[in-house]
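Structures are listed in the sections that come next.
Next, two complexes with chain A in common: one pairs it with chain B, the other with chain C.
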Partner chain A sequence: MTTPAFVADPTVEVDRASKWFGQKVAVSAVSCNFGQGITGLLGPNGAGKTTLLRLICGLASPSEGTVTVLGENLRRNPDAYRQLSLVPEEDAVYPQMTARQYIEYGARLSGLTNVADRAADALRVVDLSGSADRTLGGFSKGMRQRAKVAAALVTDPQILILDEPLNGTDPVQRAHLIEVFRRLAADGKTVIVSSHVLAEVERMADRVLAMVDGKLAAAGDVVSIRAAMSDIPFRVRIEGDHLRKLASELVARSDVAAVEVGKDAIHIEAEDLSALGRDIAVIARDLDMRLTAFQPEDESLESVFRYLVRR
Partner chain B sequence: MRAALAIATVSYRQLLLAKRSYLLGGLSLLPAVIMYVGSSKMTDSRAFEFLHEGPSGVLIIAVAPIVALVLATSALGEERRQGTMSFLTIRPIPRWAIIAAKGLATWAAVFTLVGTGGLAVSAALGLRTGNWETVTPMLVMLGINTLIYVALFVPLGFLFKRAMLFGLGYVFIWDSGIANVPGLSPLSIYRIGLSAYIGILPESARFLEEPLGNVTPGAGGALAKSIVMAAIGLLAMTTFLKRRDLV
Partner chain C sequence: MTSDGYLYDLGYQPYEGEHLGRSGARLAIFRDGMRKVLGLRRRARTKFLPWGLFLIGVFPAVVFIGIGVIGGQFGVEEDTLFGHSEYFELSGPIALIFIALASAELLIPDRVEGTIQVYASRPLTTADYLGSKAAALVALVAGFMMLPQLMLWLGLGGLSNDGFLSYITSHIDDLGRAALATTVYLAAYLPIAFAVASLANRTSAAAGAFAAAFFGTSPLTAAIVDQGGFDIVALGALEHHPRYVRDWIFDANNNPQGWIPERAGYEPIVSLIVILAIAAISIFVVVRRYRNLR
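Here is the complex of A and B:
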């Protein structure tokens, strides 16, 4: 299948996977797959990204549907973990260990030999060699993130799962990590990166899957996701006097989709926010009214994603 | 095998190097201090009785379960709380090997502290009276008891946030209280270890049998029970880890 949610030669396959915890549905009938290169899993907090990643990693089992990694169910065949590494969102480090001990421990857990050299290489890749013998408890959030990435890379996995890997990193570290991920993708690895920040995903992902409320909302390359977002009607709150006159003026405009008159304000849905912003002062002057507020109400990424789901 | 060894080594070190372990180590040595100081003016036979009336009783009824409870509930519980459980489970290691390695390391850490206490309390008797025959039975008893405690408390620590409270309830309400009812004594952990202790000591020490209730003295039976308990604990935790989500 080669719809935007699917690629040829997948390494990770999700087939109508659902996951619910009691009454709460975290992932709802998601079907997609992942192959070589970087796939960004985009969505607001609580969209189900982490749960989907946990399903892929075998940390949770789907309530319905299936998830396979290189054709294997990880929960039944732990040997397949040789090909997969996870950088979890939470601070999953041992605070009393040094970065070197932590990464060497990860290598030993994967049954590797020559762990000292491998750990040194991984530390070099994430630019932590200089702090290798400091304990993780004394690291900044960004340094801990890099230590987690090094611990994931030390096993040289075919599939790398990164849950919000850039959280807490400064711009320099961020650029460096993005470069590392891009290099891995260029080497033919499958890299799945979750984030709630579109700009972050834009910088590294070749393909984007957008999730909202546990569902797959959109899929495709970054350009097409951007295009899908560009025609979202924006909701604006306007305050001032003579609001009814303003409402009747605005309702006649072709770029205004809806007008709702409230007690103290009017709420409008406009397709071109910047054009309306330019015109509203002129309209107010013509109507001899005083504007006290012109405020976009839902510019949040969450509302953008919700719009994508409704489409 | 290499991975399981890594888990066991790291866990053992983590458990013993934590600050609380110094406190627990001191607690484990307390009965030996009581024994050495308290028996200074006693005859040999009175010192032997004193060991069993006081110091060794404190060690097996209070110190051993408390040390086991603190370390065992943190063994997997802390991994879960600090989010490092996935660091262990996303590996090419069967779940039973993770649990076995964790359990073994925990038992070794508990036995290092409690066994040292046991060795010290027996040595205190030996130094006072020249009687060293309690050393081996003491270590066997503590080895058996701590194995069962670990088998019980490691899953407890993983499953419940208030594991310490439940564990203390078990130790002080059940083991030291309700299990005094003769029919229930075989379900008392400290009595299982005590049966091994009495089974190894010479016939002259059989006066210690009274607290055993229905439990028959003998090291073989006690060892078998502890191994069965450890196997049940391992099986239960493995099944849980395989079936339940790690969230």
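Here is the complex of A and C:
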């Protein structure tokens, strides 16, 4: 496969996987794979991303198709779970346990032996060493999130699945966790992050898979995905002098769908951004005007995501 | 997108130790289950019921052994104390209440509060999860039921005219019978308790429904059976089956009126078959309910 939904040397492979619950199709014939690095899994509520994560984690079996982790079907080979950890979206913690006990329990469940050292390591990684002996019931949401991440990291998994891992975290904790995930990815781990917080996915993910209505709607990096949406005009903000003259020049072009003149800038909707980018310098020179900004306005993940949902 | 950036050294080390595999997971769940049931590492009020029931169940045996030790010197006869089968009349209902509360506490919060996900993505199977939880409860209940039997055996030995050593060696089979009866009680109570807990979403509702099923069926079935004509209803007397089988094991009769299945003309083996059949159905219900854990 050569599309951006596929990477070389995958650790997780999803092959035409579908999952339906009665009449409702949650995931529809999704094919993609995941390898080293951080992949952001995006989609509006009900898009099927949590179901896809559950299929990957072996928590549900596909109605059709296959999902394998390091070549194994997790549902048939529980020992393969040694290589995978999940940070679920739900608050899956025992409130009466301390953070240390919870993480040690997770280590024991995974069959580790030197659990005390491992738990201390994991607590340090998520910056919870100082609160290790406090009960989780007294933790803030953000601290519980970090405890869940530590419980996932304690087993040293090759694959880390994170379902909304930054929920409830403050900006400092968020930045710290993102650094942790980036470090793991740099160490060769496969990190799959499902999130609604697009800006954060944009900050950490090397690759994005977007799901809409149970289907894989887009894959790749954000700029490439936006570039591939040739049916949606690109929106560009242009700043400079003599903007009205520039606007009347551009409106005559067949590849410009709309021109909106503002106080300090004009906003163009163009079908071919790269052609416009090449031509604009020539037009500006001919008009003897000075351009100070040529800024694409809809290459952010949020814009791309909005377009995908609308399509 | 992250094309560059500085990576901090966070002190994360790869795991290079030994992996115990699923046995490690099973042991962890077993130990956690025991702690949970006994209220260890939890608030004081969660300890009150399990330890209170434990004390109620064991205290008479402590008194008996005291009588055995002291009374033997003053000519107190061994038949003045409870026998092994009679003691189950005290420990059986307490075990039932204990199992009702403990099985609900073991299964329901994990499912309702989402902590089942702690297990779902670990190297273990549904059978490991349920089996380890059940094993924790079996160990505690068996210990709770057998400890007084052991104390009773020693107490009766202390009162025996044949001498302590002679009694305990010649009555070792009483312990074997007690172990067998304990197994019957566990088979009668625990699978149903797990089945109810697997279907309910509230611990109090599960414990109440389980206790009601046992304590409620006795007067109901007795009323029908004693009027005659619907003997098969006697098989629904859930609480009387283990008691009837227990008396069979001990060759005793702790109910002069006869147990409800006995009054309907059923042999104790029928009660044993009913216990095993209900246990099998209950296990099926639990496994089916948890089939999607993985």
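FYI, the second predicted complex is superposed on the first by the 225 of 311 C-alpha atoms of A that agree within 3 Å, B and C clash if a C-alpha of one lies under 4 Å from a C-alpha of the other, contacts with A are read in each partner's own complex, and residues count from 1 in each chain.
Everything that follows uses one rule, which is that a contact is a pair of C-beta atoms (placed from the backbone, for glycine too) under 8 Å apart; a residue touches a chain by one contact, two chains touch by 3 or more.
Bear in mind that the values here come from a model prediction, so they are computed numbers and not experimental data.
Aligning the two structures on chain A places chain B and chain C in a clash. Of the two partner chains, chain B and chain C are each touched by A:Arg75.
In the superposed three-chain model, the partner touching more residues of chain A is C, compared with the other of chain B and chain C.
In the superposed model, A:Ala60 lies in contact with both chain B and chain C. In the superposition on chain A, contact of A:Leu184 is made with chain C only, not with chain B. In the overlay built on the shared chain, the residue A:Gln96 is in contact with chain B and with chain C. In the overlay built on the shared chain, the residue A:Pro88 is in contact with chain B and with chain C.
Of the two partner chains placed by the overlay, chain B and chain C both lie in contact with A:Leu109. In the superposition on chain A, A:Leu276 makes contact with neither chain B nor chain C.
Once the two complexes are overlaid on the shared chain, A:Leu246 sits clear of chain B and of chain C alike. In the superposition on chain A, the residues of chain A contacting both chain B and chain C are 57-60, 75, 78-82, 84-86, 88, 90-94, 96, 105-106, 108-111, 151. Of all residues in chain C, only 1-2, 5, 7-8, 10-15, 17-25, 27-29, 32, 41-43, 113-125, 128, 292, 294 touch chain A in the complex they form.
Considering their complex, residues 21, 54, 57-61, 75, 78-82, 84-86, 88, 90-96, 105-106, 108-111, 151 of chain A touch chain B. Those residues of chain A whose C-beta lies close enough to touch chain C in the complex are 38, 57-60, 74-75, 78-82, 84-86, 88, 90-94, 96-97, 101, 105-106, 108-114, 118, 121-122, 124-125, 151, 153, 155-156, 161, 179-180, 182-184, 186-187, 202-206, 221-223. In the complex of the two chains, the chain B residues touching chain A come out as 2-3, 6-7, 10, 14, 17, 82-84, 86-95, 242, 245-247.
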